[in-house]
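Next, two complexes with chain A in common: one pairs it with chain B, the other with chain C.
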Partner chain A sequence: MKGEILKMLSRAEGYTSGEHISEQLGISRTGVWKHIQSLREEGYTIVSVRKKGYRLEHSGTGFSAHAVSSKLRTEGIHIEHHEKIPSTQTRAQRLAQGGARGWTVVTADEQTGGRGRRGRPWSTKKGTALAASIILRLDKLPQEAAAITPTAAVIINDVLQRYGVDTRIKWPNDILAEGRKVCGILTEMHAEMDELHYLIIGIGVNVNETDFPEEIKPTAVSLRHLTGQEWDRSALLAALLDELKKRLPEFEENGFTPFREDWLRYSTVINKEITIHQRHQSWKGRAVDIREDGRLIVETETGQKEVISGDISI
Partner chain B sequence: MLKIQEIRELIQLIDNSSIDEFKYEQNGEKVTLRKHQQGGGETIRTVQEAPQPVQPSQPAPQSPAQETSSASEKTEAEDRSGTHAVTSPMVGTFYAAPSPDADPYVTKGDTVKQDSVVCIVEAMKLMNEIEAEVNGEIVEVLVKDGELVEYGQDLFLVKPE
Partner chain C sequence: MKGEILKMLSRAEGYTSGEHISEQLGISRTGVWKHIQSLREEGYTIVSVRKKGYRLEHSGTGFSAHAVSSKLRTEGIHIEHHEKIPSTQTRAQRLAQGGARGWTVVTADEQTGGRGRRGRPWSTKKGTALAASIILRLDKLPQEAAAITPTAAVIINDVLQRYGVDTRIKWPNDILAEGRKVCGILTEMHAEMDELHYLIIGIGVNVNETDFPEEIKPTAVSLRHLTGQEWDRSALLAALLDELKKRLPEFEENGFTPFREDWLRYSTVINKEITIHQRHQSWKGRAVDIREDGRLIVETETGQKEVISGDISI
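Let's turn to the complex of A and B:
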C-alpha cells in the first residue's frame, strides 16, 4: 500500500489530496496519513499542506522496496527488501519453495553471506552495491533453461549501455567495463526431468563502491568509478526489472536465438585467444561463435569444441 | 586415433570380461564396443568416427566431454533392481562437491532424504541442485566430479528405505 501511495505521489504534478488517495486505494484518510508517516520515517520528504494534500519533495536515493516499486513502470513485480540479509539468493529460494509467485524479487542493502558461482563468497557492502534475486516461473523445459544466463546478460548490458556505460559481455555470465567486472549473474534452477519449478536469477552490480577488497581490486569496477557520479540504486534496479520483464517473454517463446546477434556484438571473447578454466583442467583456444543454446564454440588445434562450463581468461 | 591392433586387443579384453559395453572418446574420435548376448551368437559392433582431422602428436586439451566413462558403464551391468536412479534434467557439468576442495555432497553408503542435495549440474552458470527424490541409501555414484552429463543420464543409484 505504501508503494502505491508513493507511486501516486511521484507521478503527480503538484499536490495529491488525501481524499483522492483514500478513494483510489480504498483506505481511510487516517490510513493514508499513517502510511505517509511511515514513508517519512523511511526518509521520504513528503510535504503536506492543508486543503491541498501531499507532495513528494524528492524521490530519495535510498534503497527500499517502496523506492524501487515507485520507479517501476511494469506491473506485477513484487519487491521484498532487506536492510541486511545473509543472501538474497537463499531467501528467494525459500520463498519460491513456499510458493511465491514469479517476479517476486528479493533485494538487500547489505549481504553478509552472498553466494557467487560455485559457492564463492560475494560480499555486498552496506549502501553501495545492488543485490537482487528474481524468482521466475517460466514455461520452459529444464534442458532449455540454461540459455537464460546469456540472455539476461544481453538485457542487462542493454540497460547499462542506455545509461551511457560502455559495457561488454564475457561468456557466460559477467558484464565488464574497461575490462573489469561490473556485474555478475548467477542462476539457480529447481526442476524435475520434464518440469521446471522455478528459476532464480541473482544479479550483483557494483554501483557506488569507491574501493574494493584487495583480492578483487584488479578485476572489479563500479558504475560510480566509470561515470564519476553517485547512482540511485533503486532507479537502476527498477530499470533492470522493467527491461527483464519486458523481454524475457521473448526468451520463453524463442529461447536465446533472438538475443544471439546482440550477444555476439557485445562479446569480449569472440575472435580472441582464450584460456578456459574448468574444475580439473585448463586449456586454450580461440572463441569463434556461440550456439543457440548458449554454448561457446572454441577452435583448438584438434578441432572445434563446444564449451558448456568454465571460466574464461583472455 | 586408435590403431587396428589396439582395437583388436580391446575386443579381446572386453570379450573375456563382464563388460557389456565400452565407449572411448578422444579428440572427437569415438569408439563404441558393445556385446549383444541374446540370440546365441555374440556380435561386437565397432564404430569409429573421426569428424575432424586429428594430429596425433598434439596433446589434446581435455574437456569433461572427452573423459571416458567406462567406470560408469561397468556398473550398468550390475544389478539395479530395487534401486532408484537419480537422473540429470539437463546437459551440463556434474559437480559432486560445492567446490574443488570441499567434501562431496554424498558418497556411496550415505543415507539421504528425498530432498537431500546429491550434486549440482551446471551449464552456463545455471546451477541445478539435484535432489535424491527418495529416502534411502546411495548405493552407487555413477559420474565423476567435473564430467559432462547428458539429459536423462543416470547420476546415482539410491536404494529406497
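Let's turn to the complex of A and C:
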C-alpha cells in the first residue's frame, strides 16, 4: 500500500489530496496519513499543505532504490541500492545463495570491481553509469538458460530504441550504437546438472559519461554522448526492469524462439564476414544465423560451424 | 617436504630413522628434525626414540584432515575438515567464490543440513558417514560439464569394487549395493553462459551406519552392513580422491567417452523396463543407452527419448 501511495505521489504533477488517495486505494484518511509518516521515516521528503494535500520532493536524476522503485510500473521487483560496492553481480550471487527471491535487483552508483565476461573489468564511474544485477529463478533446465543472454539483448535493445537511440546487438552480449559499446550483459548461473538454481543477469549501461578510461575510449560510447542530453538513470532502469519483467515469462514458456526474428534484425554480425577469437584459436567465416540455444552459426570454407563462445571482430 | 615426511611415517610399520628420512628426501637430519617439530606443532603425535627414530601415533579410524592427508598418494589435494557443519557443499561453494583453487576438498564428520539432489535432505550421522565436497576448476564448457556425474560414478564404483563391494550405478547419481543406496553424488556448477567458473562434486557415502532414519531405511545400506566390518573413513576418502585426481584429467580431455563402456556395464537401468518420474509427469520405457553428455536414452512406444532429468524406478 505504501508503495502505491509513493507511486501516486511520484507521478503527480503538483499536490495530491489525502481524500483522493483514500478513495483511489480504498483506505481511510488516517490510514493514508500513517503510510505517509512511515514513508517519511524511510527518508522520503513529503510536503503536506492544508487543503492541498501531499507532494513528494523529487530527488532529480539521483540513482537510489526509492527513485527506481517509485518509477516502476510492475509489481514484485525489489531494489537493493548501494552507493559504492565492489560488484553488483557478486552481491546478487551472495543474496541468491541466501535464498533471495527472483526479481531482487542489486544496483550501484559506483562499482570498484565491476566485471564483464570472463572476469574482464567493467568500468562503472560514480554518478554516471548504470549497473544492475537481476536475480531470476526460472523454470528452465541449465541447458536452456544460455539463450537468455540474446533474449535480454533484444528486450534491452527495444527499450533503448524506444528512447530514440539507434542501437544494435553484437553477439554474444553487447549492445552497440555508432559501432561502439553502450551496454554489456553478463549472465551467470548456478545449477545442478538437471536443475537451475538461479540466474543473474548483470546489465551495465554507459549513461552520462562524458569521458572514458583510455583503454576503452575507442570502443565505448554513452547515451549522453549519443543524444546530447543528461539521462535519468533511475527512470531508464525502471523502464528496463519493467520491460524485462513483462517479456521474460515469454522466454520461460517458449525460449528464445519468439525473440529470434528481432535478434536477427538487430544483429551487427549476421551476413557479415567476421573473425572469431577464441581462447586457443582465431578463425574467419560468415555469420548466417543464430540457433534457438543462442549459438551463432558461421559458414566457413569447410562447412557450417556452431559457435558457443568467443569474441567477434568484423 | 613436511607432507612427504608425514607420508613416510604414516606408511611405516614401526619406527623410521631420521637417517632414512634424510636420505630418502635429500635433506639434512637437522632439517628432518625441524619438520618433525613443525608437524608436532600442527597437532600430530610423533614419538621419537633414540637409535630407533620416529613413529606417528595413528589416530585409528578417526576422520580428520590429518588422517586423510597422510593417506593420500597424489599431490595437490587440500582438505578442510569440520567436526560439524550445515553442509560441506555450501561451504565449498563459499570457498570457491572466494577463489579457492581446484582440488580443495571440504569434509565433515557430521552435517546438520546435508543435501542431495534438488534440495532433498541427505543424512550424515556423526561418526559414521563420509561427506566430502570437491571443488574442481576444469577447462570445459558448462554444456560439457553435466557428464561429470556419470564419470565420477564410474570412478567411485571402481574404488568400491576394488574394496570388494559389489556396487552398481543407478542413473543419474546413485551407487547401489544389494539394490540399496550406498553412495550419492551431487554435482553443482557456477558458470557464465560460455565459461565454467567451478564445479563442486559432493560425495556422500554410508560407511559405518548400523541403522538409518525410518524414512530411508528401506532404500539405504552401509558399507559396514555389506561387509560386516568397520571401515576407516579417512582411508576410503583418500582412495576416492586419489582415483578421481588420477582419472578426471581423462574426462577433461576426452569427456565421458572413455568412461561410457564401464558405465553401461555397471548400470542398473540399461535394458530394463523403467518408469521415469519427472516434475510434471511419469512415463514408462526401456533404458537402452547413455549419451556422451550424460542423457539417458529410453525407448518408448512412440520412439526414443533423451532424458536429462528425473528419478527412475525399475
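Rule of thumb we're sticking to: the second predicted complex is superposed on the first by the 268 of 314 C-alpha atoms of A that agree within 3 Å, B and C clash if a C-alpha of one lies under 4 Å from a C-alpha of the other, contacts with A are read in each partner's own complex, and residues count from 1 in each chain.
Methods note: contacts are C-beta pairs under 8 Å (C-beta built on N, C-alpha and C of every residue); 3 or more make two chains touch, one makes a residue touch a chain.
Since the model is a prediction, treat every value here as computed from it, not as a measurement.
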Joint occupancy of chain A by chain B and chain C, clash or fit: clash
Partner chain in contact with A:Glu13 - chain B first, chain C second, else both or neither: neither
Residue contacts on chain A - larger count, chain B or chain C: B
First, second, both or neither for A:Pro172, with chain B first and chain C second: both
Contacts of A:Thr300 with chain B and chain C, given as first, second, both or neither: first
Which superposed partner A:Glu214 touches (first chain B, second chain C, both, neither): neither
First, second, both or neither for A:Glu75, with chain B first and chain C second: neither
Chain B collision site on chain C, chosen from 129-137, 165-173, 219-227 or 273-281, when both complexes are overlaid on chain A: 129-137
Doubly contacted chain A residues - partners chain C and chain B: 117-118, 142-143, 145-146, 148-149, 172-173, 186-194, 294, 308-309
Chain B-touching residues of chain A, taken from the complex the two chains share: 117-120, 142-143, 145-150, 171-173, 185-194, 199, 276, 278-281, 283-285, 294-295, 300-309
Touching residues on chain C, where the partner in the complex is chain A: 90, 93, 97, 117-118, 141-143, 145-146, 148-149, 172-173, 186-195, 197, 294, 308-310
Residue ranges of chain B in contact with chain A within the complex: 27-28, 51-55, 58, 60-65, 87, 89-93, 95, 98-100, 102, 122-129, 145-146, 148, 151-152
